[in-house]
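Letters A, B and C name the chains as they come in the text, with residue numbers starting at 1 for each one.
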Amino acid sequence: MTTRPTAPNVVVHVPDNDRLEAITRNVLNLRVALGSKATIEVVTHGPGLDLLLPSTDTAIHAGLEGLQAAGIRLVGCRNTLDSRGLSDAAVPPGVRVVPSGVAHLVHRQQDGYTYLRP
Amino acid sequence: MTTRPTAPNVVVHVPDNDRLEAITRNVLNLRVALGSKATIEVVTHGPGLDLLLPSTDTAIHAGLEGLQAAGIRLVGCRNTLDSRGLSDAAVPPGVRVVPSGVAHLVHRQQDGYTYLRP
Amino acid sequence: MTTRPTAPNVVVHVPDNDRLEAITRNVLNLRVALGSKATIEVVTHGPGLDLLLPSTDTAIHAGLEGLQAAGIRLVGCRNTLDSRGLSDAAVPPGVRVVPSGVAHLVHRQQDGYTYLRP
């Protein structure tokens, strides 16, 4: 068994919008279990981008604020923004926009992040 | 190409309950294809915990017995049990309960397990 | 931070058929973002095999042709073909058939491929 680093880096893949409340809960539970030193990044694209948009419903919006308060990094996909006719300004302050969500997920894993797709 | 170890360790992520029969079949096929020396662990949380609960339908229950007979390790999430008002005793004998299913999936990958999310 | 290889190898897991158009788009965007030297392999099994079958709808068929034109490797699962009473000849030329889709996904990761489950 490999010795585990004390503070893992985790990337969470959110490509769809049908389970956003459950996924938000999963990520907050992960923060509690892994501790504040772990880096947890949520990468959204396609319908999953709804997690980051202000127009979504109250529960999702509260979830987004909870994620930010817990120090979860949030990432949106510019390909998806473009396909909806939106600019980078459509996502809240503090959310990072990357050119391609799927490519970013590959790069993060190449950088040693552990992948989860809840 | 890396040389493959003869007996891989695999962790299978089950966060939802909409495809439990298909996932059970996938895991049993994986057992046949990888052989009896491979370690295969199924980690359930959220609605995915239904795979392990005795109250689910006949096909799921038969699937659970089939997984146990095939030497598949089964893991449930205590966060999920708590949220349903259940204790560890709600899952059948032989099923392991971990504090957080999602954190366990991170730890397993840090230990070298290969991740699948069927 | 690990230095990233210039041409990553990526394996894309498609176990279901409910989002085939979105997944096709994801994979084509990944090709553009990672460049022509990256190896991208799409592994289908269960209902996900529909991506590779000629009988599926027009949009899916166009997607399949687009993936092949973009140099994406396509893989189908013989367990799934068998369960539908189909032979290897049911998938188009250029598609590889492996004995078990899920086992192939494990082997690819053991060989260093990065896993995505869009």
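The rule we apply is simple: a residue touches a chain if its C-beta (ideal position, glycine included) is under 8 Å from a C-beta of that chain, and two chains touch if they have at least 3 such contacts.
Note that the coordinates shown come from a computational prediction; the quantities given were computed from them, not determined experimentally.
Comparing the residue numbers each copy contributes, chain B and chain C share less than half of them at their mutual interface. A rotation of 120 degrees, rounded to the nearest 5, superposes the Cα atoms of chain A on chain C. Rounded to whole angstrom units, the spacing between the C-alpha centres of chain B and chain C is 24. Shared contact sites, meaning residues of chain B that touch two or more other chains, fall at 115, 117.
Residues 13, 15-16, 45-47, 79, 99-100, 102-103, 105-107, 109-112, 115, 117 of chain B touch chain A in their complex.
Taken together, the chain C residues at the contact with chain A in this complex read 1-2, 4-5, 8, 10, 19, 22, 25-27, 29-30, 32-34, 114-118.
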